[in-house]
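In the two complexes that follow, chain A is the common piece, with chain B as its partner first and chain C second.
== the complex of A and B ==
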């Protein structure tokens, strides 16, 4: 009994931190309608800054708490700066751009933190006067955690007062419901939003600063926390503070007790919980139905099926690519093989994003599952390569069929979050199921058989399979199936009114995209000779989105061009220590300056030339 | 007399659709002008374009002697231009009291000063539901709240978009009384209307637009006399 009580209390302490961060995310989302990926980075920065301040002044009570507060305020100021410089330009952009832009900030902050504080975990000083423990039914419990437990409800109360008893709070709530009307009544939204970003980011910074005495500060805190905070906000209901509080409590307990019952799959539990909640209560526990779910990607001009000339051009390009081994060296073939594989992965995602309007934030899961499918077949049943390459899309497609059934039940942002959740579940399984997947050691020795062992032969095999898969995807996109997907993207209501089962088509599209990504993953496993859980992780999913965006969402050739450009850029940058900064800047620049992507930009130039 | 609001050569687009094709009109100090025309003639679009709510617009809008053509909506509102949208748009999650608070602006010289108590006196229905959320009010109550909320900004000119649309006759009567009271307070009003009866009851002057162009401009009484114009532009 006493043991369970202590476990319950640590769950509450964890919930307090979770609530601080999630409430900030929720407030920012409520007003700006932007899901701020950088929120986890602000949490991490809060921790790093507080660590520095507490090391310097934290020996007495005033210095410690002053340092924590200063860290939170500085992080809040950074959030305000981000609003002014970046977010303000994106309020009218499609959600995908907003998500990617804030992800660019994640990369920038990561590199800055790495530069300032270095790669080592930093253990912080403990809070003066609160270093000891108290006896709870004969078991020791940290005093500091008791303070945290009290802090959660205190912050909820203060936020409630702020939003319900002050003019500023009333204006923020009004802007949450109708930005345009609020502006027409004389409220300067720009200033209001900057203030909201300050408040929300400061809450994240506070959450991070308060973690310093509890755990080592490290460079992985950002993604870990932002994903958890998303789950809390989605489970509680977007924009609902009491919902975020309730969800924090539930998830804190789920983690505290889940680790006792299923130590292997604690991560899965949280995401499973979210998936169940979203299917049962689509708008979260305390969320309200939204007037109109914001579109994930803007409907663009229709895709025109390319004519004969473009088809011949594609064939010529393929022939040229097939002839490359006659000229190029080994290294070029390795890179080109990877480009071909990534082109297929990006094209499969493009089917969802571009044609279906469904922004998946977990597409890497199917790529990774394909890679694992192939690797597991090789490893455990010594399957020959053709069988393993068949198994890859089958496993990924089956997983996409299951996940898709849940995901297509929701649209817009919730769809993105659900795909993220399923990707995290898949990642957790590969990461934590040591016996089968080898955990973070991955699976090694997945090489092609002797006949395909040379780089040139494997390149040709890859090229042939990718070309066939791309052709199949194109066929699907310009078949009635593809037109139906687009109808569901542009007007689900009208599509349903003329008798189209939008959800079923989206589900099939999801499964098809997953299958194609799985084939790419299988090819990738044999190209690299090994697979690791990172193949399924969030950054990988974001990479795929960046490829699609780089190429241009509203172009058919976009994903192929984007994958090539992205991979060549990354291969060149890998040598640089600051590739994260550069990639981050590239993402931000793309979103702000070239929202139509490389292929879209080229097409516009082409059209302009044709008109002149 | 210099006009309080002068609109000159106003164009506006929704995507590729060219909705306003050079609208020009004026509203004098203390004047009530009815902007009339059929559905889709461009009445609401004119209001939105004047208020700075449309991204794609061109032309000149001068208010209180200041060119506000390129201003964002909140600055135009702070200059004393109050906008009451046709689709009401009360903040559904906010109470009546809070809705009024959002509209509050500092007192303005040369414009009537409004407080919640004065507005509750003007709209007694609202006084009975100060803590009710917008979502739980009837259409007529919402229309009154929208007007009251804009008045909290102490405007000198009111843009009133379709105040009688979709309301019960009894409520329409109350709205007409309210507009006359506002005029008596010295407020200028530009209201868009399809309902000739309502317009005739409150307006001094009428401006008729069709397909984004002004077709008729003159005293309300003259429009009532001019059967040809009424039949041609208003189909009544």
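== the complex of A and C ==
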């Protein structure tokens, strides 16, 4: 009994940190609708800043808590600065585009933290007067953790007071429920948003700062936290602070007791839990329908099918690309092969994001499953390459059919997080099923057969298959199927009213996108010769989304351009040690200069030229 | 301007960008390709880079190799991703025309590059990846490894663990191949020496996401006599702090992999554990001529003490230079022949690259952790030569795929 009580308290202490960070994220998303990837970076910055202050002044109580508070406030100020300098300029672009901007910030902060605080983990001071333990039923329990446990409800109470007893809080709640109406009533949106970013980021910074006495501050804190914070927000129900509180309590306990029952399942426990909650409850535990987010991709102008001239130009360009091996060296072919493959992967995601209005955070799952499908066929039944390339989309498509059935029943960020949950489950299967997948050591020796072994031949094979698949995707997008999908994106209610089964179309769209991504994955496996679980991991999904957004979601060519731009930039920049900071700056600059994406910008230029 | 136009432009730009370089002539430098996770795990890889820089500078200061050719290293970051590493290896081979590949930290990155090296028929000297598979299950003709494998390091610790009176053991290890094979070997080898031990609990935190409180509590609940730890880095610091808080380590022995390495031990400052049996590198106490010279040169060049990574980087490139000198050529086949049975003097003492499984006999220092004058250090240490901790040759032959 005593053991379970102490385990329960440990879970509570963990929950408090989770709640602080997640509440900030929830507030920011609720008001601004920004999917803020940089939230984890603010958490990490809070920890680093607090480490610096506490090392300097933290020997007494005042210095320690003053340092923690100062760190939180500074991080809040940084959040406000990000809003003023970056996000504010993007409110007229598609909402999702701000995600790309925050991704740029993530890269910048990673490199900046490395530059300022160096590569080694930093173990900070413990909190003065709270270093020891108390005996709880005969078992020692850290005093500091008791403080954290008390802090969770205290912050929840303060936030409740703020939102229910102050004018500013009332405005924030109003904006969360109906942004347009609040603006119409004369509330200065820009100032409100700056304030919200300050508050949300400060909470993340506080969560980070409070970790200093518990763990070594390190450069991986950002990614470790941001995904978990999103899980808490979604499980609790968007925009619901009590929901976030409840969800963090449950997840804290799940981790505390989960490791007793299934110590091996630590990788995926949280995501399994989220999948179950979202399948059972469409708006999380305490979310209400009226506070549900709108589809993350707003309805844009209709996609115009391009004319005959463009079709001919496309063929000419394809012919030119096919002639590249005559001129270019081996390495150029390696990179171009990858660009072609990633273009297909991005185009398949774009079918969901651009045409379906369904933002997936887990698209890498189908790319990775395709790669594994091909590799497993080669490894276990010694399949020839054509058969393996056929197996890739089949496995990925089947998985997408299953996951999609659940996912399309949810919308907006709930959909996105459910796709992420399925992707993480698929990832953990490839990671832990040693007998079949080889675990994290992957599957080696998946090289093309002798006839396709030369880089030029494999490049041509890839180009042909990718071109065919892109053509098929485009056909689907401009067939009645694609128009139906768009009807579901722009107005699900009206689409239902005219007799369209929106869900079924979205489900099939999901499966089609998964199948196409699977083919890309299969091609990638043979290009690399080996497959690893990293192909299904979160960064791969984020990269795909970044490619789509960089190109622009409102043009058909967007994902192809975006994939080429992102991959060429990344591969070129990686020769420099500081590639993250450069890539981050380039992304931020692109977002500011081309708020419609690169291809969207090009189209605007083209249209302007046509009118003149 | 439509998508094909743009794509075409990009294609043309890329083609110009990656033009084919001219072939190397006799007096041009010898190019070595190097790939590592400089952004993924800087705590280890930055000292590692400084280590190989020192080795390369020393070789060039002595007049280079093969009659005056300088050693030139083309180094790239792989961001910790195997697919990026394979592309970069492709760039190094195709564009930079390197004669040999080296580096890698994570096991999966090491394995991906090893597979690539076998296909391209280019020698690859893996410096750090610890997985047994690099030289055993997935070993190949072209791949060699410097660091003692997970098996070897586990074997070194088992020798000490078997001397403890402890009978009830608990384990905590990160939930991936490295942690799993470390625990597997530790259990297997310890049971062989001490049939009376039993393993009463195991914890598998996700790498980088250890929930310290619950994990410590769960281990304590099984009431073990001793604990085998494989976590490292930020997880280790968290585990030590929380375990110390809650009295987990009081009256218990702890045996811990890699925890004596300066990159993991020193960040814990005065809170570093005392009396843990660890593998590591007490750089300031090893007074052999080789190590003294290395530490002096390193401190002079970089104005900071060496880490484990520094030794790995230095020894890797010492070995590469020696192999090129012995081969008298940069030809791949000749380099392989030179690497087989190559002997070098590393800061740890003599190291031999075994022909039988391409594993070097570099060892590690086994000792106990302590805190002196507020600084963590190792005491009662000895050098465990890797050669003594490898299975017999006939067993090794069954572990490697037939060539």
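Convention: the second predicted complex is superposed on the first by the 565 of 612 C-alpha atoms of A that agree within 3 Å, B and C clash if a C-alpha of one lies under 4 Å from a C-alpha of the other, contacts with A are read in each partner's own complex, and residues count from 1 in each chain.
Here, a residue touches a chain if its C-beta (ideal position, glycine included) is under 8 Å from a C-beta of that chain, and two chains touch if they have at least 3 such contacts.
Computed from a prediction, not measured in an experiment: that's the story for all the values here.
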Touched partner set for A:180, first chain B, second chain C, both or neither: first
Partner chain(s) touched by A:224 [first = chain B, second = chain C, both, neither]: second
Touching partner for A:170 - first (chain B), second (chain C), both, neither: first
Touching partner for A:112 - first (chain B), second (chain C), both, neither: neither
First (chain B), second (chain C), both or neither touched by A:188: first
Chain B versus chain C as contact partner of A:216, first or second or both or neither: second
Which of chain B and chain C A:321 touches, first, second, both or neither: second
Partner chain(s) touched by A:561 [first = chain B, second = chain C, both, neither]: second
If touched residues of chain A are counted for chain B and for chain C, the larger one: C
Contact set on chain B toward chain A in their complex: 51, 53, 72-74, 77-78, 83, 85, 89, 91-94, 98-99, 101-105, 149-150, 153
Touching residues (chain side chain A, partner chain B) in the complex: 167, 170-171, 173-174, 176-178, 180-189
Contacting residues of chain A [partner chain C, same complex]: 3, 6-7, 10-11, 13-14, 110, 114, 119-123, 126, 133, 139-142, 145, 214-216, 218-220, 224, 255-257, 259-260, 263-264, 266-267, 306, 310, 313-314, 316-318, 320-321, 324, 327-332, 334-336, 338-339, 431-432, 439-442, 444-445, 447, 524, 528-530, 532, 534-535, 539, 555-557, 560-561, 564-565, 568, 571-572, 574-575, 577, 579-580, 598-599, 602-603, 605-606
Footprint of chain A on chain C - complex, ascending: 1-8, 10-11, 14-15, 17-21, 38-39, 42-43, 45-46, 76-77, 79, 81-84, 86-88, 90-91, 93-95, 107-108, 111-112, 114-116, 119, 131, 133, 138, 175-177, 180, 202-206, 208-209, 211-215, 217-218, 221, 233-234, 237-238, 241-242, 245-247, 263, 266-269, 271
